[in-house]
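Both complexes shown next keep chain A, but they swap its partner, so chain B is in the first and chain C is in the second.
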Partner chain A sequence: MVSQEMILERLFVYLNTTVPASAPVRPDIELVQELGLDSIKVMDLLMELEDEFDISIPLNILTDVRTPAQLAQAVFSLMEHANGAVR
Partner chain B sequence: MAELYMSATLTQHFLPQRLADFPTITDALDYAALGETGVNFYDGRCRLTAVVQYAALRRKALDMAKRLCGLGLKKGSRVALVADTNSAFMEVFYGCLYAGLLPVPLPVPSSLGTHDSYVKKLSNFFKSCDAHAVFAPAELVPFAKEAAKCFDMGFIGSAKELQAGPAPDILLASVQPDDVAYLQYTSGSTRFPRGVTITHRAAMANLQGMLRDGLGIGPTDRCVSWLPFYHDMGLVGFVLAPMASQMSVDYLRTQDFAMRPRQWLNLISQNKGTVSFAPPFGYDICSRRLREGEAARFDLSSWRVAGIGAEPIRDEILERFARQFSVSGFDQKSFVPCYGLAESTLGVCFSRRDIGIQVDRINRWELERTSQALPFDGIDSNAAAVFVNCGSVLPGHELEIRNDSGRVLPERQIGRIMLKGPSLMSGYFQDEDSTQAVLDKAEGWLDTGDLGYLNNGELFITGRRKDLLIVRGRNIWPQDIEYLAESQPEIRPGDVIAFLVPNDTDPEVVVQVQCRITDQEQRERLVQSLTRLINGEFGLTSRVELVPPHSLPRTSSGKPSRAEARKRFLQTQSGCELTLAVG
Partner chain C sequence: MALFDKFNKLIQERATFIQTELSPFGTRIDEIYSPTEGRIGECRVILAGTNNYLGLTFDPTCLDAARQSLEHEGTGTTGSRMANGSYSGHIALEAELADFFQRRSVILFSTGYLANLGTIGTLTGPGDIVLLDADCHASIYDACKLSGAQIIRFRHNDAHDLERRMLRLGEQAKDALIIVEGIYSMLGDYAPLKEIAEIKRQLGGYLLVDEAHSVGVMGKHGRGLAEELNVESDVDIVLGTFSKTLGAIGGFAASHHPEFNLLRYASRPYIFTASPSPASIASVRAALQVMIDQPELRTRLWANARHLHKGLVDLGYCVGPQVSPVIPVLLESPEKGMFFWQKLIKHGVYVNLVLPPATPSGQALVRCSVSAAHTPEQIDRIIGAFAQLMAEPRKEAVSNAQGATRPGYR
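So, the complex of A and B:
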């Protein structure tokens, strides 16, 4: 079973490779405002997550996501729902 | 869950093809419903998730029309419609048309942490179009409710919610060609949106011109699209046009394209699509994401019309795409550069088919000095400006190039592009001032605000709408960025100018801010916080520059002159390069 911590770890790996290392990546850092992730990088990040965890991320959950911790939480709850459904 | 036995609608069927020769959009759907073609929706991994034939779509739209009338909405009332790529959008859109209501397609949220700004944006749209009902995909209904707090709406919810229970037994009034069909909000400031009103007659005239003359559609054509349904190219070009010519369409959601651009090419390969459009950045992003040896996996040999529109066209991006995908069977002659705008429904000019990109090399010195587009015959390619041929205006329409005092200019002279013909909007919705500023109703001429010249009757665009910032196919109005910056406590209204300059990959947005702060640390902090703020709101990395007080150029009426600021910026830039080269 994948845990929220594992998702967060994966996120950190991605962010550390794409974002200039000026600011240390923290769970509560603002992805867009502080890390400066632009819309193309956001889409890349979402694709990584979708592929890695075999989920489909609906747009509406992202509007309230600002930090890596919130994103990990959102992905985790998506996976819970997906596992409950018949595939 | 996808059903195992589901299969996409056919490309060909027995119904004789008619190319949009109908009096109204609803007449067009009535006819398409006699055949077997329809619309198909795919997920981000190219799996078919929904299939709706036009016959079923018409049935559901008529049912929706009765339910809409049952809400007690008066004829011509606006129905806001948050437009995700699905069949529910179409049921409500066509339902409104059958019911004599005006659907107003609106954007979905597009990025991280945009909850508040999206709600504010929706609320601005509701106010601007004076909406009486709001439809949204179920997951976005809470946003719509939040945005509609201060409005008196007859309904806020998903299509499904209204479809519960039996439909009221209501006789629908007939739809007339001169009725307004819908409002289009594609290109406009988000803070001060303007809704383009399009009648059935205008929509049908444009659809017919595009399908018959622009694209030369035939019975074996099939469309593929990822363009958003709230955008004119997505709505008119790939929802209405296929329906009005009884073509099947395969859709990918815009978000899925943005995440996995190559699925677009996959879908064309899989279903033998023949017609698909994108702004140049759509082709560019496919090129950039292409992996070694991957191009051979696609089969793009069926792609007859690879349309390009919605932003200035740079030929080198398209040449690279054609080179990379020639092993996929892509023929560079299938590129069709186009020019269009929502104020003329959608399409204005289409380049000739089967010749690909044709460019004009122009003497840059003459261009800058005399506004003449004279052929370049030198060797130093830096002295040439390159423009793409967008073809001649659709039959039944007239296009003129005029100077600032309204005089018609001869060929190869650059001026404002003026347009006349049956596809023009009736005006901006409830905004007489803005309408009068661009539309001369007595003479029937529209000032497109774009600049260009004619050569052998074919149009070359040299500059798009004054000041508009077009970044990766998105239209961003400089006043929206300026307003955001000016709302910071350190900055006063009128202290900010935003404009776009060319850059290596994507064009760059420059934001110049007049600033009285002298402390270096404070200045750096301000630049950083503004850059973040702008990225948070618009999803783009801008270049923020602090300039001394009273240094930004003004027009004679005291307004900030973005064109002059841009010119000065570029001059200093090339000055720097020159010094470097010399020094």
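So, the complex of A and C:
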């Protein structure tokens, strides 16, 4: 069973390999404004999550996402919706 | 956040480039002498960064057709296709393109960008699914966003990745719209359309191919990649532009679906903008005929593409993955890209400088493109300018570029 924390954990692993080591990754850090991810990298991140958890994540969820915590929440909701309760 | 605060990062990033003597963003080209030559400031340059694939912008028959139209139809239509903006030329060009592409319907748009917005953004809506290649053009992304459809990306030119994502979607994949491009504008590589068509046959979906850079360039008759690979019957919608091979401005969508024409009554980017100017339409009609009548132009274009590609590879540059009229030289940083771009102008060659995130690989690239109108001597001069850069004081720029990430390229 996948939990929101597990999703956030995977996000951190990805972000730590993508952004410069000096930038501390926190759940509430802004992906674009603070971490400096460009739009392509954010979309690539979704692709990684799709394959990691074997689900379809439309780009549309990014509209309301600014931080890793929000992204984990959005992906978790999607999984709940797709598979019933996943926790 | 104040309205303009969001641009602060952009201002910082661009500051160094804009302060320099020559800016790669919106470069002023002072004079155009021919499809392949112009002047930028004091420098007379070979134009090796256009999309003028067959060199038709100065073709006498195209110029003459545009002049005649100007004389007889005026400078603009001043209206939408749905109102007073459908002249006989617009209707005739739609019929001629339908005949050329062997499709039931063709709809003209005012630009290629609007063709994507007006087609994808109207055909799909909330509840629909679009599967697009990750390297698709911004107009395709914008069109998907406008539509409100669910957008799923697959890895660039990776048919297996598309298949995996379609399998994941299950039954929903049967009605999804798959979008790829013929030749990709930045890396000059082309879609694995045979494999994608096969996946579509097995799993369903509709296939849209944006042939903006491949019309007139690929295929026996110049219909693009789908013709080249003999999969035209698998393609539901062909998108294209008049601003590349056909040498003017405008766009079109072609399809065999009987309902396709209905888009005219639902597509806001078709309805709520002025139609292409009559002179543009007239020159495009002439250019289409030249393209059909002179297949030797395509032969010359590919000879030039192979010539330049080989020359750059022989010099040791890291270039795009496939030989095509778009030949990018990959460099590892924006600074090196800028150095190359400026030096090339000084050496008499204009190319396009492309920086991340517009570059698919995150690298900087100087995008060279060839035309059938380039002479072999001009191609040699372009190669010569790149060779000269090898000997420039900032030698590390070149040697580092050679060591740039190679997997997937060449």
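We adopt the following convention: the second predicted complex is superposed on the first by the 83 of 87 C-alpha atoms of A that agree within 3 Å, B and C clash if a C-alpha of one lies under 4 Å from a C-alpha of the other, contacts with A are read in each partner's own complex, and residues count from 1 in each chain.
Assume contacts are C-beta pairs under 8 Å (C-beta built on N, C-alpha and C of every residue); 3 or more make two chains touch, one makes a residue touch a chain.
This is a predicted model, so every value here is computed, not measured.
The partner that reaches more residues of chain A, of the two candidates chain B and chain C, is B. When the two complexes are overlaid on their common chain A, residue A:Met43 makes contact with chain B and with chain C alike. When the two structures are aligned on the shared chain, A:Ile55 is found in touch with chain C, with no touch to chain B. When both complexes are overlaid on chain A, the residue A:Glu34 reaches chain B alone and has no touch with chain C. Of the two partner chains, neither chain B nor chain C is touched by A:Met1. Of the two partner chains placed by superposition, only chain B is touched by A:Asp64; chain C is not.
Counting contacts as defined above, chain A residues 33, 36, 38-40, 43-44, 46-47, 50, 56, 58-60 meet chain B in one complex and chain C in the other.
Of all the residues in chain B, the ones that touch chain A in their complex are 1, 43-44, 108-115, 118, 137, 139-140, 143, 255, 258-260, 285, 472, 531-533, 535-536, 539-541. Only residues 9, 129, 134, 144, 148, 150-153, 155, 164-165, 168-169, 356-357, 360, 362 of chain C touch chain A when the two sit together in their complex.
Taken in their complex, chain A has these residues touching chain C: 33, 36, 38-41, 43-44, 46-47, 50-51, 54-60. By the touch criterion given at the top, residues 30-34, 36-40, 42-44, 46-47, 50, 56, 58-66, 71, 85-87 of chain A touch chain B in their complex.
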